[in-house]
Amino acid sequence: MIHITRRERFNAAHRLFRNDYTDEKNLEIFGKCSNPNWHGHNYELFVTVAGDINPETGFLVNLKDLSKIINEKIIDKLDHKNINLEVDFMKDKLASTENLAKAIWEELQNPVEKLGAKLHSIKLYETENNFVEYFG
Amino acid sequence: MIHITRRERFNAAHRLFRNDYTDEKNLEIFGKCSNPNWHGHNYELFVTVAGDINPETGFLVNLKDLSKIINEKIIDKLDHKNINLEVDFMKDKLASTENLAKAIWEELQNPVEKLGAKLHSIKLYETENNFVEYFG
Amino acid sequence: MIHITRRERFNAAHRLFRNDYTDEKNLEIFGKCSNPNWHGHNYELFVTVAGDINPETGFLVNLKDLSKIINEKIIDKLDHKNINLEVDFMKDKLASTENLAKAIWEELQNPVEKLGAKLHSIKLYETENNFVEYFG
Amino acid sequence: MIHITRRERFNAAHRLFRNDYTDEKNLEIFGKCSNPNWHGHNYELFVTVAGDINPETGFLVNLKDLSKIINEKIIDKLDHKNINLEVDFMKDKLASTENLAKAIWEELQNPVEKLGAKLHSIKLYETENNFVEYFG
Amino acid sequence: MIHITRRERFNAAHRLFRNDYTDEKNLEIFGKCSNPNWHGHNYELFVTVAGDINPETGFLVNLKDLSKIINEKIIDKLDHKNINLEVDFMKDKLASTENLAKAIWEELQNPVEKLGAKLHSIKLYETENNFVEYFG
Amino acid sequence: MIHITRRERFNAAHRLFRNDYTDEKNLEIFGKCSNPNWHGHNYELFVTVAGDINPETGFLVNLKDLSKIINEKIIDKLDHKNINLEVDFMKDKLASTENLAKAIWEELQNPVEKLGAKLHSIKLYETENNFVEYFG
């Protein structure tokens, strides 16, 4: 079995909070991440796909195609955006790294299959110390 | 001459725009950075101080003291904050990396001198591809 | 399935040797790592936990809690310490990266379960060229 | 189960193309990588082996031995070489990262078993944005 | 004084040799880098410009413009190319990192001045262990 | 003017303390770094030399020669050693990063001049957050 991974990056604002929590409870659960005026991150996204090597090209998938899909479906919607307010696939979801990784999986699963590969994992770094991996 | 550098990090939201520009002009000059709903970054800050080695301790400055000053004067005010709305020393300034590096210099110059060293430079990474250095 | 990973760091001294080996044999098996006067490393520790996303918080676990546990159980005992002489959970064990990763797993397995997650892996870098992963 | 990983590096030239394609088709499929005058990369190779900890040494394998094997079988043949023209185990293969990772696996599988471990994966970075993992 | 730096990357093949040296002398002076079949690198280029902050925009230069110039003048000519054979500004020069950094300076000095800034330095990484800085 | 930099690495143990201080005072000034049982680091050393490009080779200095000198004079004496107890050029000095960078400068200044270049700076990382630069 072989995996190939493409790294892409985006810079976005977000906030962690619940409308049905008091400000005190939001602060207790979400800490500084609940700041009403937003904060942001340089997110690093690693998309890993699995499959067989095409004997004609030596490629699992053409990375040019994979990168194009990731940019159209994900990066163009997230880069220099507010995750809570502007990203269709995050509407009505808490803007946690976990939920974001899962939503990115759901956006990419079908397009990756059309390339002839299987989506294996979404790895998403929020900071150099924290990252999430989602396997479907 | 010897320099010692301390790295600290903060995650913040910002927006580049001028009230006296039309939306079109803001977009033309500031590109995606002018998004009205904010975006954000994991900023990396390198504070470099210059001086002589204290023969008693082998230190130029005690990094514990330098780190404390940087956290009190800079990181606590910027981390998980909105640079345009919430940071006293950025009030009425365009929230560019250049202006932010210069403002950090102005906040740190006196406190670093009280440690017995000279502030040499502020290096500020906005992304892995872009950084600014300010030398006073 | 989803994984979340927290990176923490510690700086420690160690030595690889066996009392029942001659100095020559220690040098043959353990090379420079058997130096009787110790040497040391900046270790990087990646703790990965697995579980489901809590729909109320969007979190698998609260990273503040995970970081607190790692610091109390592991970092406070290893940072700026001698692994052979001062670390209770490494007593009478060879101070190899493999044994250290396994011992960290054993210290963290129960506390992580109390957070409501499953410990998935311990990844421990000794240098930029060498790292170990332990999966229980 | 425990894994240990050794990183090694090599700098090589290559070209992606097929003799049975026209220049236009090579350019369409392989893009800039089909340049007839070659281009090159700083490849990063991560070799991961799996096994049990030897209770006498605390080692899964002695990394000195693992590094020696990787250098003799792989690095000495690839470093500062042309992958298409000079590497015996890549003869008559498309010089893609996928094929290179698979060929490295085939070269290392037996020698790693002679060390008393099992080859787990070959991870090969072509650039900071693209890497392949092969699991046999 | 303020500096701003933009990082760009290119992957290229090269060879270090002199026609007026014997093969033995080329090998003695240039080592593995003299391999007649080429080898290559992932080069990292840091272009630093100096100047004053424009009070209207908060920018020293608009990085979009700086990046455009670097790509047009340098990256498009070097990326996925053979430095010895295909790069006009390296014609008849030894393809060393030193000469390459100096040639990049000469290509960028005038275009950077037209942006209203002063070229301060060209920093060029050939590998993670070796880099050159040129200051004009 | 041109600079070329070579990175080398070493792993060592050390301790910060003064015999003429009480344990309490050592702890107050040097914190955890005064631990009597030592601790250690993966040090990263960047040696930068300045000079002119040799028109015959395209080199400022041959990095093979520079690396050989750094290894003989510095790395072989520090790697897997105790800085306080085993390093001749650190005898009777506090084992701070500042003093270590200065001592490395003194060891390398003459040998680098014999290569036909000028030693420009010693940059020494103790951790990813702290580094020192010495300019003679």
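In order of appearance the chains are A, B, C, D, E and F, and numbering begins at 1 in each one.
In the analysis below, a residue touches a chain if its C-beta (ideal position, glycine included) is under 8 Å from a C-beta of that chain, and two chains touch if they have at least 3 such contacts.
Everything numeric here is computed off the predicted structure, so don't read it as measured data.
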| item | value |
| --- | --- |
| Labels of chains that are neighbours to subunit A and to subunit E | B, D |
| Neighbouring chains shared between subunit A and subunit D, ordered by label | C |
| Chain whose average C-alpha position is farthest from subunit E's own | C |
| Most remote chain, CA-based centroid, reference being subunit D | B |
| Between D-E and B-F, the pair joined by more C-beta contacts | D-E |
| Selected pair, out of D-E, A-D or A-B, that shares over half of its residue contact pairs with A-C | A-D |
| Separation of subunit C from subunit F, taking each centre as the mean of its C-alpha atoms, in whole Å | 28 |
| Where subunit B and subunit C are represented by their mean Cα positions, the distance between them in whole Å | 34 |
| Where subunit A touches two or more other chains at once, by residue number | 128 |
| Touching pairs - complete list by chain label | A-B, A-C, A-D, B-E, B-F, C-D, C-F, D-E, E-F |
| Residues of subunit F touching subunit B in the complex | 16, 18, 29-31, 93-99, 101-102, 128-136 |
| Subunit E to subunit B touching residues, read off their complex | 1-8, 48, 53, 56-60, 62-64 |
| Of all residues in subunit E, those that touch subunit D in their complex | 9, 11-14, 32-33, 35, 37-42, 79-82, 85-86, 127-128 |
